[in-house]
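Next come two complexes, and both contain chain A; in the first it sits with chain B, in the second with chain C.
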Partner chain A sequence: MRRFPQYVALAAYVVFLAFPLLWLLSTALKTPQEMALADPTWIPREPTLANFADAFGEQDLVGAAARSLGVALAASLITVLISLPAAYAMARYRGLVNKIAIGWVLVSQVFPFILIIIPLFMILRDLDLVNTLPGLVVVHVTFTLPFALWMLQGYVRAVPPELEEAAAVDGATRLRSIASVVAPLLAPGVVATLLFAFISSWNEFMFALVILQNPDVMTLPLTLVRFTGPEGVARLGPLAAASLMATIPSLIFFAIIQRRLKSGLMAGAVKG
Partner chain B sequence: MTATATRPAPPRRPHARPRRVSRQTREMWLLMLPALVPVLLFSVGPLLYGIGLAFTDARNTRNHETSFIGLENLTELLTAEDFWSSFRIGMIWAVSVTGLQFLAALGLALLLNENLRFRGVARVLAVVPWAMPPVVIGLMWKLVYHPDAGILNGLLGTHVNWLADFSLALPAIIVVGVWTGMPQTTVVLLAGLQGVPRELYEAGEVDGAGRWRRFWNITLPQLRPVIVAITSLDFVWNINQFGLVYVLTQGGPGGQTRLPMLFAYEEAFRYRFAGYASMLGLAMAIVVLAALGLYLWRQLRETR
Partner chain C sequence: MRIRSALAAAAIVALAGACGSGGGGGGSSSSSSSSGEPVKINFLSLAWQKESVAANKQIVDEWNKANPNIQVTYVQGSWDNVNDQLVTQFAGGTAPDVIHNDSPALSGFAADGYLLDLKDKVPAELKSDIPQAAWDTVTFGDGKGGQGVYGVPFLQESQVIIANKKLLDASGARVPTPDDPWTWDEFSAAAKKMTKGDTFGVAWAMKSPVNKTLNLALNFGGTFFQTADGKTTVKVGPQEREVLQRIHDQLWTDKSADPAALGQGTADPLPAFYKGKFAMLPAGVFLRQQVAEQAPDGFEWVTLPGPKGTSAQQGAVSQTLSVAQDSKHPDEALKFIAYFLNGANQAKLAKGDWLLPTSQTAAADPAMTTKENGWDVATASAKNLVVAPFLKVNGFDEWKTKVATPVLQEYFGNKITLDEAAKRLVEQGNAVLERYQR
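Presenting the complex of A and B:
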């Protein structure tokens, strides 16, 4: 058993990675009575879905989920709509602009958010967009844009320009060749970028925290954080259930892109 | 960007006439415009404005006469006890999370690169934290650390309030930081491992190099560029971390987990010292850039 230590190590990783997840699931399936027991149990004695129903019964949570959905849909659609032409330009006419755009993607990673959020808050306040969902959409679009651009221009680059040239030779106008040749080939990339933008917005917490201070307009991550009060363990079950449900969109996203992850990055060097 | 180098820009084409060039440029700008406007208005603009604010006494309230005060914010910052303690905590957090994350991810990537059974399970699990909203990760770990209903106290038979304990809160959130950041690092390192040419290992084996020597003399040097890139990125992400720790502790107990960004957030939005908080952000940006520059410079010099 030369490989024994390796299996022990792998098991340790699996335990470390899995145990908080299992605990979240376990908490979500427990009754309030069991939550109050002195000795926490791994496996719920009477597994119940009541917590999920309770989470749905909370007006705050349902409203927040609806608002999050609206913001994420609007932000992802706008992001893709405005970054598609720019991505096309970046991929087809390479040059200074392209380098500046890539530089901006990097710079936006390094600068602390506080340097941007304070003036941004002041600008949005002057535009009366603080405490409004459109205000948050604007911010999400702006901050998803660099990475969406980067993704999309990669997809455009993968479409050979010769195809467009061939269409042009056949007498198609530029717009027509884009619509009938480039667009179909670009569709999977556009979907991936849409999903990415949607998830970024759905999960986003920091900007929402600053911009939405009124509980009536808060998005799901904010409402989840406010959900735990000082009243002890009674509401932990519904909180766990709601947290699990808030993860579903991201899980769908990863399920869709996982094949790419697998073939691209996660592929085994050794045949399994 | 190898493609940039191999494909000359269209205007350089011999047959292109100046008028055509300008049409193409105009077309390009027209296509860029819809993306450019929001980035300039809500990202580049605010960034420059924020840097400017750092040198004023701006308050985050309406009807405040803002005036230029030069470096006063900086001198105030450098003499503030609060800032230094927050800075120290931020450094401990960023360095230890980045370091532990790297070691843990390297171990996992090496295991996943082996032909082991159950590798698939570990692979899926290794990506899950990536797929979770940061707020949910924070809440989930709050449940794990919960003093009454948490599993950690149940497992250890203790009655510790992990996130409210002065000496345990920081280590506790560091564990969460490592758990959260491991997937990206693992995936990147694994991709790097798979890019190491197999011939090198075969040659090493022929030369009689053992497992450990092969790791030390082949794997690590080959991985170096990837390691430098991912640890730099991790460090920047960690030092700028906000949401996760805000959800877990809000900087408590008694400021023991108040990372620089939480400190800045409080100054800006609770006490409304916009100018002061901007200077804090600017100072952190400079520290990060300097640390990054030094690290990358040393790495580059060593590889020469």
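Presenting the complex of A and C:
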């Protein structure tokens, strides 16, 4: 009984989080007339699948989702593969070069991306990467990397150096202690970084808009925006239906990977 | 161990997927006809309504079938981001060959040399089918002291009044026609008659007030800008004040317009309109599409012509098709544009977007003159369209965003007086414009 207020608060929070998704579902099932009612209802009076038919009939949503998934997975994995050793070096080695590197990473975060979009576009053009998904992966990795580095650096710092020292005392080389001692403890951090990089890439619109010109390579955000017109006017029904479908792959990805976010592996490791 | 192997497998799959589905190299156009392969043209379209997209695709398909040597790829863009997209692609030399946009955006791109001057290139038939007033909306300085034509104008929007027929009839007000529209006085009187109980006569959705106000200001000859000795400045004299004052009066003196609608976007008042809370919505002709699609069964609505002041003139901008200066196939691109915008096709496009065709042949199409959904009134209003005076003002966009939008919102919201609004529009506006004329 003591926990009742906690459950109420938790339930309220879940409703708060689920509200946009439920509203999206409700809108996706409504007719245009019902969407324009001054007193909207949660449950559609005359549920229709016409919005889904329109969304899938007019746009290649499945193809776009597959391409987005490929780009997001590739970008997030490459980001983690690069940032993990870099974060380790930044966290463990303290020197002038390290400080400069950290400063540089910080500075890169303050650049508005619109400022560098044209030079970046030129570079991609010279590399023949315009209008290709690998080109987009490169851009997404470039932009996610600094923050991923900061995230992972924090996780590495949280791993006590004493653990590595203990492994060294037992005869492990540095590489061995990283692989066998540090890496498993970093799993939650790696997963969190992976999720961050995945979401950033999955939702990214502006670079994709500029880089991808061929309809055959367009990603999901570019496809969704086709249901919107000027000055915020949109075809709400098909947009809601398409957006709902667009959330499914990322929800599945989260469902698979979220268990790995659980921490606690290190609890008691250096208690003495 | 499991997570490591899973990550490795996922990495391989993802990389293979990403690399495998990559498109072929960049560039706006590929091979030339001299090699025996068809010329390829990219067409960036901003159509977004279902019927409009279908019409665009149909016309492109018909062209591709009839012209195996000039193949057009239809690429959909979005109105909200097209100029950011184009800035980058122009700078990178990879812009689409044929570009759909609106005329205000062409001025800057033309001055920077990114668009092809079509002055002597448009086929005579297409040129004569579109009135000079529409061509004026795409005629800009070329950045070197000359004037050029940087697009073919094809769709325009006029302001009309969408009215609840039941409330209009019950008010006893005269029903205006394109030949005999309401004067602003009659419009205000009708709005007062329709204001009863919870119902307001009119709803002014003024989330983006500038274009709407400036276009209507031409009813009284209000241009808001004047050019002398090559220098453009803002002016808010008696002519410019007329429409501002009249809208303000409806809101705060007559109380026939609902102040709650002021912060709304164009389509936002529709639910309340269907419910009978508002009797009339002054809006662009395109809003008829949403009303036709969403209005509840039995809801009767009519399209009324916009009111007139000393004239019925309204400012107009156009949707346009332009050719990129860097296009490798400008002649073929222009041939495609000439086909895409012939009278029959313009009628299809106008119908799909619920806008007005510039083509006189298209305007005579029975689909454009039917009484259904107010097409007759909408099409007739095209005769009042003249080039919007702000279209050729360098720095207008910044003036609009930083000065005019907040000032007009404050004025219509009754937070400042008309004198104060006029002072800020002029003083702050001139400071903005000056930077563009150095």
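As a working rule, the second predicted complex is superposed on the first by the 171 of 272 C-alpha atoms of A that agree within 3 Å, B and C clash if a C-alpha of one lies under 4 Å from a C-alpha of the other, contacts with A are read in each partner's own complex, and residues count from 1 in each chain.
The rule is short, and it goes like this: a contact is a pair of C-beta atoms (placed from the backbone, for glycine too) under 8 Å apart; a residue touches a chain by one contact, two chains touch by 3 or more.
Because the structure is predicted, anything quoted here is derived from the model rather than measured.
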First, second, both or neither for A:Leu149, with chain B first and chain C second: first
Chain B versus chain C as contact partner of A:Leu175, first or second or both or neither: neither
Chain B versus chain C as contact partner of A:Ile43, first or second or both or neither: neither
Between chain B and chain C, more extensive residue contact with chain A: B
Contacts of A:Gly95 with chain B and chain C, given as first, second, both or neither: first
First, second, both or neither for A:Val8, with chain B first and chain C second: neither
Chain B versus chain C as contact partner of A:Met35, first or second or both or neither: both
Which superposed partner A:Trp104 touches (first chain B, second chain C, both, neither): first
Intersection of chain A interface sets (partners chain B, chain C): 35-36, 81, 114, 117-118, 121-122, 125, 205-206, 209-210, 225, 228, 232-233
Chain C contact footprint on chain A (complex, rising order): 32-33, 35-38, 54, 58, 66-67, 69-71, 73-74, 77-78, 80-81, 114, 117-118, 121-122, 125, 128-135, 137, 187, 205-206, 209-210, 212-217, 225-233, 235, 260
Residue ranges of chain A in contact with chain B within the complex: 3, 6-7, 9-10, 13-14, 16-21, 23-24, 26-27, 35-36, 39-42, 81-83, 85-86, 88-90, 93-95, 97-99, 102, 104, 108-123, 125, 138-139, 141-143, 145-146, 149, 157, 202-203, 205-206, 209-210, 221, 224-225, 228, 232-233, 236, 239-240, 243-244, 246-247, 250-251, 253-254, 258, 261, 264-272
List of chain C residues in touch with chain A within their complex: 3, 7, 10-11, 13-15, 17-19, 21-28, 42, 48-50, 53, 73-76, 78-81, 84-85, 87-89, 91-94, 96, 208, 265-267, 270-272, 274-275, 277, 290, 293-297
Residues of chain B touching chain A in the complex: 1, 3-4, 7, 9-10, 24-25, 27-28, 30-32, 34-36, 38-39, 41-47, 49-51, 53, 60, 62, 104, 107-108, 111-123, 125-136, 138-144, 146, 148-151, 153-154, 179, 182, 187-188, 190-191, 193-194, 198, 233, 236-237, 240, 242-243, 246-247, 260-261, 264-265, 268-269, 274, 277-278, 280-282, 284-285, 288-289, 292
